[in-house]
Amino acid sequence: MSSINVAMIGQGFMGRSHSNAWGQVAKFFKTPAKPVMHTVFGQEAENPQAFADNWGWQNASTDWESVVKDPKIDVVDIVTPNFMHAPPAKAAIAAGKHVACEKPIAGTLAEAREMAEAANKAGVKTAVWFCYRRVPAVALAHQMVKDGLLGDILHVRAQYLQDWADESVPLVWRFKKELAGSGAHGDLNAHIIDMTRFVTGEEITEISGAISETFIKKRKLMTGVSAGNIAAGLQGTEEMGDVTVDDTVLFLARFSGGAVASFEAARQATGNQNRNGFEINGTKGSLKFDFERMNELNYYDATRPRAVQGWTNIMCTHAGDHPYVANWWPDAHLIGYEHCFTNEAYDFLSEIAGETPTVPIPTFEDAYQTQRVLEASALSAAEKHAINMDDVK
Amino acid sequence: MSSINVAMIGQGFMGRSHSNAWGQVAKFFKTPAKPVMHTVFGQEAENPQAFADNWGWQNASTDWESVVKDPKIDVVDIVTPNFMHAPPAKAAIAAGKHVACEKPIAGTLAEAREMAEAANKAGVKTAVWFCYRRVPAVALAHQMVKDGLLGDILHVRAQYLQDWADESVPLVWRFKKELAGSGAHGDLNAHIIDMTRFVTGEEITEISGAISETFIKKRKLMTGVSAGNIAAGLQGTEEMGDVTVDDTVLFLARFSGGAVASFEAARQATGNQNRNGFEINGTKGSLKFDFERMNELNYYDATRPRAVQGWTNIMCTHAGDHPYVANWWPDAHLIGYEHCFTNEAYDFLSEIAGETPTVPIPTFEDAYQTQRVLEASALSAAEKHAINMDDVK
Amino acid sequence: MSSINVAMIGQGFMGRSHSNAWGQVAKFFKTPAKPVMHTVFGQEAENPQAFADNWGWQNASTDWESVVKDPKIDVVDIVTPNFMHAPPAKAAIAAGKHVACEKPIAGTLAEAREMAEAANKAGVKTAVWFCYRRVPAVALAHQMVKDGLLGDILHVRAQYLQDWADESVPLVWRFKKELAGSGAHGDLNAHIIDMTRFVTGEEITEISGAISETFIKKRKLMTGVSAGNIAAGLQGTEEMGDVTVDDTVLFLARFSGGAVASFEAARQATGNQNRNGFEINGTKGSLKFDFERMNELNYYDATRPRAVQGWTNIMCTHAGDHPYVANWWPDAHLIGYEHCFTNEAYDFLSEIAGETPTVPIPTFEDAYQTQRVLEASALSAAEKHAINMDDVK
Amino acid sequence: MSSINVAMIGQGFMGRSHSNAWGQVAKFFKTPAKPVMHTVFGQEAENPQAFADNWGWQNASTDWESVVKDPKIDVVDIVTPNFMHAPPAKAAIAAGKHVACEKPIAGTLAEAREMAEAANKAGVKTAVWFCYRRVPAVALAHQMVKDGLLGDILHVRAQYLQDWADESVPLVWRFKKELAGSGAHGDLNAHIIDMTRFVTGEEITEISGAISETFIKKRKLMTGVSAGNIAAGLQGTEEMGDVTVDDTVLFLARFSGGAVASFEAARQATGNQNRNGFEINGTKGSLKFDFERMNELNYYDATRPRAVQGWTNIMCTHAGDHPYVANWWPDAHLIGYEHCFTNEAYDFLSEIAGETPTVPIPTFEDAYQTQRVLEASALSAAEKHAINMDDVK
């Protein structure tokens, strides 16, 4: 079997997920080529060598510009903070590499458009880690809608609710616009915009109204801030700094097929650790998904005899019938969060090899469309009126 | 024990619920006075005598104007279609009667305001049948918020989703603006606006955006249309007529305490027969309610030790601890839909007798406030921008 | 419409349920004859006149022997404590009355057999208030099994778990063998034995093992003990008396069609207020029911395409498709505990009029079969070995 | 960091789980020594070299006797079929190795006793892969009971229900007594016996009755049978062979603290893919677990104010508060089946290094106690009477 060399730009929490995916994929899937974990880039302060040793990267580097140009590298995977996606992505594209990038694709809409255009022009393969498409339940939902099981879609409800950001949490990078781009909006709404576009197969045509709010406007300053600080229980100093991103963004929208929709992202929705889900109602049936029970998909089949109609809780864990499952464990031996990344790594390797992925991959072009919706809904919240999507490019 | 004479204006489906409540209340509750089912009014075509015989009303009448003025009557209960609430209500108030009225209080905002003002001026007691306040779980939610268990409220999500109105349903009165006032908006959003105002104890200050949609624009004409036709399976003629109300209305809002909110009413939300519910997130805890499991309230207590935090499913069926329950059955011997009406009949009789009801009654003034929110959100949908509630009187 | 005169022997908690049923049935159902609440019997100390006034019985009596012989009475309904079922039942049968009786049918197996034989001989109609057969979800389960939707039944699991009987509860009549016959066994297992016989349509052929335990062996004595004392919060004296019934009984069994089964009744199963339910697995499908969500039935259809198989949660609240529902409220407007009694009153009136009830009524003969299973499983627990049902008559 | 060499005896489905665990453990946990995947043994027909290449074992061997004696090996991990556990385990113990073994520990009780005695005598560390102890929710349950949160335990209910074994499944090794030892009993009841002993901290003292049944007595013969055949959809020949193990075993039992208990294992419980769970009721609280929602633990706290008591659904995914979680992903980013093995690998490495594992490891002695319960309950089913556990050694 041939091999394919991967370089990863960045580390952090997402770096762990990606490293695990590249390490696991060939053990569980028959990949067209064997992925080699060639080089990982990190800032000197991050100690990329230790990271490489732990996760099995063959080399560590503190010079990303060399890495993305290195002729031995076939695929560049970007997991830096959002504002730092565009530079390595554009350099890698220029060097003719296939590029995978964390979501949201970029810190600004202009960058997202440029990245998508560059990739299209260069003809390289791209993937954005909207990995929830590859939860078997969500991939199944996509297939069911495509097969017409829902009929015409009338209602879309999507929510990504978390509750980690109470006032005890200090001013980490996620609360600063210059580092994160936005708050719950880009972090969470990005996922549910992508997921509902993917499942419905439709585009959003109008933002019909929106609210953006920052409930906690000042937080304790930290020095040496990193995502890991929170987990580590660091409490910040007594001095306070300004939060410059949103805590919550809600918006109403219309889809191209006529459905009405509501979206909500929140970081102080007490009781919801990771409620990333949707409900879609069609004329023939409905679907519900909640990541907190990620192995399950709820389906209402309105074409069944009325006496036995009801919400059916599908355990999406049958090897022979549900996407990706045959590569993992027997029936109802659940999979978890990281498996979505491994599933995406497999599909991206298939795509690069000219094969059809299990379900469509979110390309840079795709991620640009999602970014347009983020931009338009932020605008609607600021200007307090509806926005036609045609006006946001 | 003294007695108190009740007259009911109207019949129909809601007339059954109300008749049942007036008949059951003194069997299960110690009412301050014994309610006597004195007279029921109906159109001649409705055969009010048969209705009276079935439900135990002592008299039947086809002349509502005489009934509401009859000196023997103490309480007038109005269950006519929405556009016919104001005339008998105003006449009854003028005659010094206490008045209970079905929801929404009126067909127009102006009528609602006039009814509230007339009642205030006359000093009579009023009640609107926003009966879901008297689901024990909802009354408990109100008490818990009042006791501070949720801390500051940040998020309100409310939905009233049904799915009975597919295209096989003919053009019954609920689809005509002149009869129903509005569609899902006045029928369903009215309930969740009242319920969230009641539970949070706050008022809505802004409508931040809205969508109103009629998915099915034409339906088969019927002759002799009534609510019962649907249940009876009548299919209409082949000729089509225009639907003049909405099928679905979504809106975003802000509450006086700073919370952000979303509301949605729908009649084609496949899989949701009667999902009338809310989720409220506060800084100290959260609550969730769904009428399809009306005996349960979900509570997340964020002040508990973190290792055992979670959503607690409270069966609101303990005689000693949950509102109304001691009057019904032993623990976890569930109650149903109609009990909410009986609970409200009890509380209204208490209020009339100068006693404090279990939880606050929705007065005409209250219902006028809810009507303002209905009006403002309809306006926001039509004009595609946010509406400050101060601008809608 | 003709009328039919009902007399009720006994009051108490069950007397309330029955009175409500007789009072409501003709308001919601088209009964073949109009039931008249003619006479209620109670001990002088119970004040039957007050009970009659509250519930609408036309007469009160303290002499049951006259009542059951009264030529004006057509139906005798017995709600006395278990040890007092047989005398009025036998007298009523002797007088040619139709008899309805609370469950379990009698304090001893011999009495149960005598009652069933007497009724058969006299040709009167009988009904035992195993009212959970008339939860719409349970009636639907019966119909689905009968229609073959489960294929061959392999597994039956039934549990009736409560948690009201911790050590703070004093020595009420339910804890004394001479008054109650048995503890959780006759009170709770009786229901799930009847319910599983009803749903499966099969008889139990062997008790394969059993446990009977009394966790709390002494309780505080009360004077003037009645069921209402607990609800009233009476705490008993400091003196202790012996509990002479079981707190919990578990047993394993085989059904006539080959299925294996487990049963469990408990009064200290913390967290289970009224978990009266079953799960039945067949070769083609499975069913699950839990009274704490009595409006729902869970169905697994193993004949559907595997990709969409799952547990379907049927809201058994469709007027056109689910038993009894058309007589109550619109879709998903839930019904509660007492409706089962009203449904049974309707079906018994139908049976008396020579009509077919919605689903089969539990007759005295039926209740005798259930009593045999109670007896055999108690014996198995005492003797620590399996019991062939043929040996218990 | 020092290293520790692991050899694995066997491959198959469990070999994948174990290989994954040994490969992942040092990436996510700070192990006291770095585990080296030194050698894997397989039959020549199984192609152990290909298995080694896929999973990262440094060497492959077809001679287990040499492997378990190899001085370079520190830990021997056994994943052969049940009847082949004892020989390599005893040889490895004799060679002074630490031994991990798949469950059930052995094909017969005598072998289990010998293995436990040999390990005790040799002083080596042992572990049996009752890996469900290391589901974070189950480990938390163990800790909560130990902390007294349940008070005295009165009821234990445990079920391990599957539905994969309908009559289309051919005669694979799991249906032959000489290969598998027993059917659902040893495969599934073994897990819930271990799990309830672990969570309650009590031993079983009596088997009070039991049923063992084989519903499908003949199945299609296969040639070249292996576990993977089923997944591969192999259908067997037309010729039929005898099933010599049980399909289902139910038994009742008593625990040392006085609790009554029921256990059930089944392979045709339609609708239950992998329902491996328990409910435990104590005087102060209750716990419920179901592996199909393995990230959740349900807790009823009967010491809370009654008005807010209910089943609390704990997402066992908080880094700071739930066992093992800090080593995986952020809050509510679920883990799956294989993580339990990795967790156990970590704890076994800790134990070998003289550190205290997160929760107690199931040793050979432990597994022997579980095997005694399996033996006694099989005997109770065969002889149709209760068995005192003291009589089974």
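To keep things simple, chains are lettered A, B, C and D as they appear, and every chain counts its residues starting from 1.
Rule of thumb we're sticking to: a residue touches a chain if its C-beta (ideal position, glycine included) is under 8 Å from a C-beta of that chain, and two chains touch if they have at least 3 such contacts.
Keep in mind that this is a model prediction, so the values were computed, not measured.
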Mutual neighbours - chains that touch chain B and chain C alike: A, D
Turn needed to bring chain B onto chain D - CA fit, degrees, nearest 5: 180
Centre-of-Cα separation between chain C and chain A, whole angstrom: 54
Length of the line joining the C-alpha centres of chain A and chain D, rounded to whole Å: 35
Inter-chain centre distance, chain A versus chain B - centres from mean C-alpha coordinates, in Å: 41
Multi-partner residues of chain A (at least 2 other chains): 311, 315, 320
Touch list for chain A against partner chain B, complex: 154-155, 157, 159, 163, 166, 208-211, 213, 215, 248, 250-252, 254, 258, 260, 262, 264, 266, 268-272, 281-286, 288, 300, 302, 311, 380-381, 384-386
For the chain B and chain C complex, residues of the former touching the latter: 13, 17, 20, 23, 26-27, 54-56, 162, 164, 231, 233, 273-275, 291-295, 315, 317, 319-320, 326, 328-339
Residues on chain D engaged by chain B in the complex (per definition of touch): 140, 144, 299, 301, 305-315, 318, 320-322
